[in-house]
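I'd like to ask some things about the structure below.
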Amino acid sequence: MRFDETYAGNMFIKSHQNYEESKAVLYGMPMDWTVSYRPGQRFGPARIREVSVGLEEYSFYLDRELADVPFFDAGDIPLPFGNPEKSLAEIKTFVRKVLADDKIPVGMGGEHLVSLPVMEAVYEKYKDLAIIHFDAHTDLRTDYEGEQYSHATPIRKIADTIGPDNVYSFGIRSGLKEELQWAKENGMHISLFEVFEPLKQVLPTLKGRNVYVTIDIDVLDPAHAPGTGTVDAGGITPKELLAAIHEIARSEVNVVGFDLVEVAPIYDHSEITVNTAAKLIREMILGWVK
Amino acid sequence: MRFDETYAGNMFIKSHQNYEESKAVLYGMPMDWTVSYRPGQRFGPARIREVSVGLEEYSFYLDRELADVPFFDAGDIPLPFGNPEKSLAEIKTFVRKVLADDKIPVGMGGEHLVSLPVMEAVYEKYKDLAIIHFDAHTDLRTDYEGEQYSHATPIRKIADTIGPDNVYSFGIRSGLKEELQWAKENGMHISLFEVFEPLKQVLPTLKGRNVYVTIDIDVLDPAHAPGTGTVDAGGITPKELLAAIHEIARSEVNVVGFDLVEVAPIYDHSEITVNTAAKLIREMILGWVK
Amino acid sequence: MRFDETYAGNMFIKSHQNYEESKAVLYGMPMDWTVSYRPGQRFGPARIREVSVGLEEYSFYLDRELADVPFFDAGDIPLPFGNPEKSLAEIKTFVRKVLADDKIPVGMGGEHLVSLPVMEAVYEKYKDLAIIHFDAHTDLRTDYEGEQYSHATPIRKIADTIGPDNVYSFGIRSGLKEELQWAKENGMHISLFEVFEPLKQVLPTLKGRNVYVTIDIDVLDPAHAPGTGTVDAGGITPKELLAAIHEIARSEVNVVGFDLVEVAPIYDHSEITVNTAAKLIREMILGWVK
Amino acid sequence: MRFDETYAGNMFIKSHQNYEESKAVLYGMPMDWTVSYRPGQRFGPARIREVSVGLEEYSFYLDRELADVPFFDAGDIPLPFGNPEKSLAEIKTFVRKVLADDKIPVGMGGEHLVSLPVMEAVYEKYKDLAIIHFDAHTDLRTDYEGEQYSHATPIRKIADTIGPDNVYSFGIRSGLKEELQWAKENGMHISLFEVFEPLKQVLPTLKGRNVYVTIDIDVLDPAHAPGTGTVDAGGITPKELLAAIHEIARSEVNVVGFDLVEVAPIYDHSEITVNTAAKLIREMILGWVK
Amino acid sequence: MRFDETYAGNMFIKSHQNYEESKAVLYGMPMDWTVSYRPGQRFGPARIREVSVGLEEYSFYLDRELADVPFFDAGDIPLPFGNPEKSLAEIKTFVRKVLADDKIPVGMGGEHLVSLPVMEAVYEKYKDLAIIHFDAHTDLRTDYEGEQYSHATPIRKIADTIGPDNVYSFGIRSGLKEELQWAKENGMHISLFEVFEPLKQVLPTLKGRNVYVTIDIDVLDPAHAPGTGTVDAGGITPKELLAAIHEIARSEVNVVGFDLVEVAPIYDHSEITVNTAAKLIREMILGWVK
Amino acid sequence: MRFDETYAGNMFIKSHQNYEESKAVLYGMPMDWTVSYRPGQRFGPARIREVSVGLEEYSFYLDRELADVPFFDAGDIPLPFGNPEKSLAEIKTFVRKVLADDKIPVGMGGEHLVSLPVMEAVYEKYKDLAIIHFDAHTDLRTDYEGEQYSHATPIRKIADTIGPDNVYSFGIRSGLKEELQWAKENGMHISLFEVFEPLKQVLPTLKGRNVYVTIDIDVLDPAHAPGTGTVDAGGITPKELLAAIHEIARSEVNVVGFDLVEVAPIYDHSEITVNTAAKLIREMILGWVK
């Protein structure tokens, strides 16, 4: 991590050199030890940073430049391979500090389980928290074949903590029958297949709320994001996802933290997923860090 | 093949262990010796089965689980390399048995020519048969540079057998001028470029009919199905193909057999084509095997 | 180049054997030495020709066959590696000859800078020239980190020559803030994100005009064209690009030359980009060479 | 696992159908959650089985056929993702049963840590056990950044259990200075860079001993085994590794169990690593199961 | 084929423009329909030609340039997809003509079966013919699962025709027990695993003989030739294969024809196999066409 | 470059944080604009650094650790795309400073032309300079199709400057007839095909001399280094190259600078080339920076 003197990794384009002056803090959570299918998400953050140098720093969508938004790239949080419990604790400790310093945490996964300690830390600070969740999968299992810590469980666990009615999932197209049932019976907001239209309906109801946004890259169709763990046909396009990001930017919710997870460069032979991830992060920073 | 004691291959997720109790029989037709461009379709069925373990068994689209539909995975039919005539005969023999046992044949290709003996066997049983055909290519040639057995001819040959007016092709965007002319002059139903809308028009006219559905994966745009022999830009999305499958499921046609062909894993570096194929097969089984 | 007796390269499907009798001349410009990100565009033309043999020669969209349009494939123009100035001079010399012989130049890139000398040569002949430009990027820089010759500058340079109000860009989604400002302040026509609808608006205003069309393959979304230098999510589909090509074909503009650039086969592991490029060239030739 | 009725995976070529009659039991240990670099070893066993169908069953080296050696393929041991402790326990339970039934355990990894519980179980049965270890890496760490369970520790842990002087490592070319020192100071046998010649020296001294052989595929040079987690140039060729296997077969040691680990198909784009692994397993079974 | 006016393919570097003046004729045999494992050999010849442009025309090994050896590249022989019988007939017809014109046939495969009609045609002309065969596989089956035409049978069939004692195989490391037995019992010369040393022994005994050399690229270790159908670890290096080619060049045998087969570019992601194949062909032409 | 405050790139493992205290300075020269075949060498340095984190810092060959050798990683020198003249000037300016500060320049390419200005700057300081050159290619052309600046010319140009008898090339296996002739006629030392044995002969004759070592990664066989521009079969193994590096370390020459060039990650699908390059750089630093 960059606070460490010997840090040798790269940084996101136009990230600020000074932690104190920054409004947002970007960090990687290179964990993939509980994924049930294709691993390799640990390399996501570093590769996203690497290709970020090919990005323009200006957004034609938002008419804003990265130079206008002071954000600090803290590098990857060092995580103990194969130890999910300790890994999540390390993440939570880091994010608590970011929040204590009144900065917005901006995470890059890593498997989706890394979002759990972040959301828990954000909830410690913002008790009215709502979660906006873009994903192909429900991630609502209580456990995965007996394991509590699994990339299939984070949304369920945060829903249990903040209340299912404060969780809004979009683009869902895969999961267990029981997961869908649980969501419906417990008042969770879940929109199947689509993202932009249902989000547009929901945003006015969240006016003034503190919101954490977690995006699993597999909400995109596999053609647009082959570089992920579990590919599931029938997803949305980057155009729709960008429109959703911009809709949130224009809305009256207060984004207090966000992440993009499940980028696995190993399967991303033409680097379209990591390039798309870098662009999404640019748009989120430009749109949501006010 | 799995009837053989020494069968060592894998099986589709949640396939039934018992042939007798099954309603449908899944089988691979690992043939690619007449393809005129990129071969490798022989590996399609095995790889589709392999990635099927990553699928959920429940469909959010149809609210049904694979466990509710007893289907038996018979493995791949052993076919003699380089001998199309004998290969087609082996396929026909196998499918006749499946039909005689009153089960629905569910084929995985292999090149498109493998559909011909299946459709012929189905026609032996159902004399009012109609064919629904999703494809980028007409496949209406009488021969390919002199060869009768070619992946460019199966639809023409079945049309000659059951009558062109019983054949309905959708999504077609490539072929010879002569093929299109023949189709038009002989009363074949052919919809260029689009699938869902023209299918929706046609389905009511097929009410009560016995129908065989054959899907060439290249009806999808190459972005969504790079793992096939002949890629041709301008195809449909998986969303549209899924919608078409579900429209058939909701219609009043009687699906008596179906297949998905031309999956060639060699070109499918991120495995998005085989994963999509596995999902399509799940949806077809859940939607069409009543 | 094919005029050279020792030419050993391949040729586009159904290209004519006779230069004199041809209406259009296809040529490759295998240059990539000024690209700022991923190189390899030099191999674009040869690979497009190679896969063109898998194309049907008939278009279902235009009901016309390549045999109906005599075009000559001149092979690749030999260009000196690492010398942009001399390379551009070689291209201009070649294109001037094609124009002098009253044939339509049809170029394959190569990086986008190769279009500059072609457009200059065309402008020498047609003083009322308008440029139609499909691209993800503005390409409006005056220089790239001090270099005049860069793949980021060709549209600016031709705009300076023929006047910005004669340049029409579509599908643009990336660039510097300054580039967009310059375009707006100088009367250039620039349509962000979309291609088909704004083109449809513009075409009637160009009625009777001589037009050169330059297409950067990255106007397509990276899912559809991974084989290019700079991938930028949120692009259009091949369906929309084909529709735009056919709209121009149906319009009353006079296409006096065109090109397709930035195809980089190295990143095109399943060959979907080169196959798409070959199809686009077929459609442009069939639609625009009257 | 194949004892489970619903097992749907594939099997190694010519594996026997009957557990009771088998002399050896092949099983996969699909674990990769503690690897410190490139993961994906979980897919090794299944892909090795898949390509084994392309193997001849006869060995030109040993003049023996697989049909002569009854071995049972038990499939993959189901392991809980992200939980190393429980995973190792499951493996040990399984291997204890195999040993109790007087069969030779033949393991396929998975990361190298999976060998630890196997060696421990074998040691429970054979108290004079010696380990022969082929690897690029020492694997002699006591922990990896604090974690006890790591793919960098298994040889140290077994050495601590059975005594370092009963461990023979060959082909080692990478590790910490401290690891090498520990090995030297504690009487472990360690041969740097080479395999065949030092092994030939050592084997007579092991005459009559019960021996477990563990092979990390990365003992091969990366050119021959790109499909692994940590590639380190300067390794041996398959010719040398085959010669070593055959030397053991001709020696008077008693091989009571063996494994091949760290095959990661994700990086094995041409499938040369998995094909090599399948051949090595054939040779080990033919040479060592008497 | 290039005799056809509409030939659009590429040519081998420095091939001669004039058939009549040439001493040797290079041609492709793009057939892969009988392969029992990985297909794609049909694309071998075209891709070898394509990369040949990167070759120097001078050999440091032989101190000779391609310009010194007039050879004509006839392009690929058009073969009917999926029809082995007719394909072999087309090849034989072509090679008979080359031989009748007193030119040396130089073939590029395609699967190994394509060598059979060539060797038969050569034998028609040279009744004292000996075959030198480099391969990982015996290719001595009488049939493959009932099929006479198979890439596993060509050496057996030519041995039956010219007598097994006139066949010399080198580098063999895979096959059936029965094949090896047949070779030994019938006086065929077969050298397992090694190429250079046994060849050096044999060449003096062939002094003055007319010899056809057929090289299956898989005689190389998979690390050096991943781009082939059946990869089998433990093969030789290009250094050894080049040394063997040069040993033949220096010997007193009379090479009357030769080929290089089983190059399958689909699996050759870094193009090392096709580049090696192009170099081997250069060395064979420079060394053997006197 | 890292002297620049906004530098965002990564660094080589265990590189020192302090320029002043360092003995050697590592830097990238990301240039590929004059390569005549496959470009992409610009990405070599960054990718080598990235994978260096997977390296052990200790060498089993030299019994030395990176921590013992203070070296500073200066990042990549920013070079103007497509302008070789200015690029070479930038490199020379940088290296002059390193030399003026009495530090050893350690370069990573980039195409081989980048070595030219470095060698020139080193020669300015050390007038008795000898060059040791490992490469598959002579690189002795005076120009490449008229261009002075080409990756085919650097050794010729430095030989012209320091005298051909001060240049020692090893492992050469490809070039023009004229290049070889020139080398022989002008007293250059050139060893074909082999590296270790001829180097061992030469080193004693260079005792006490100041030596610059330039290694083109393509001196390795393509199996070991597919990630480079021009692959040429018949090269050496990493074992031989490591032995050569260690032989120089043990010799009495004074290494005053060195580089490793022509690493092109685009073709290095399993990352074996970049990992090998990182290890070679570690060994060179540990062995040569005294």
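Letters A, B, C, D, E and F mark the chains in the order given here, with residues in each chain numbered from 1 onward.
Note that a contact is a pair of C-beta atoms (placed from the backbone, for glycine too) under 8 Å apart; a residue touches a chain by one contact, two chains touch by 3 or more.
None of these values were measured; they are calculated from a predicted model.
Common neighbours of chain B and chain F under the contact rule above are A, C, D, E. In terms of the distance between Cα centroids, chain C is separated most widely from D. Overlaying chain B onto chain D using CA atoms gives a rotation of 180 degrees, to the nearest 5.
Each chain's centre was taken as the mean of its CA atoms, and the one lying most distant from chain A is E.
Between the CA-based centres of chain A and chain D the separation comes to 39 Å, rounded to the whole angstrom. Chain contacts: chain A has residues 221, 223-224, 267, 269 touching two or more partner chains. In summary, the structure contains touching chain pairs A-B, A-C, A-D, A-F, B-C, B-D, B-E, C-E, C-F, D-E, D-F, E-F. Contacts from chain B toward chain A in the complex involve residues 54, 56, 58, 60-61, 63, 65, 221, 223-224, 237-239, 242, 269-272, 275-276, 279-280. Remark: chain B residues 5-6, 8-13, 15, 17, 46, 49-50, 53, 73, 269 touch chain D in the complex. Those residues of chain D that touch chain A in the complex are listed here as 32-36, 38-40, 42, 78, 80-84, 144-147, 149-150, 266-267.
Every residue of chain F that touches chain E in the complex is listed here, in rising order: 37-38, 172-177, 180, 192-193, 221-224, 226-227, 230-234, 267-269.
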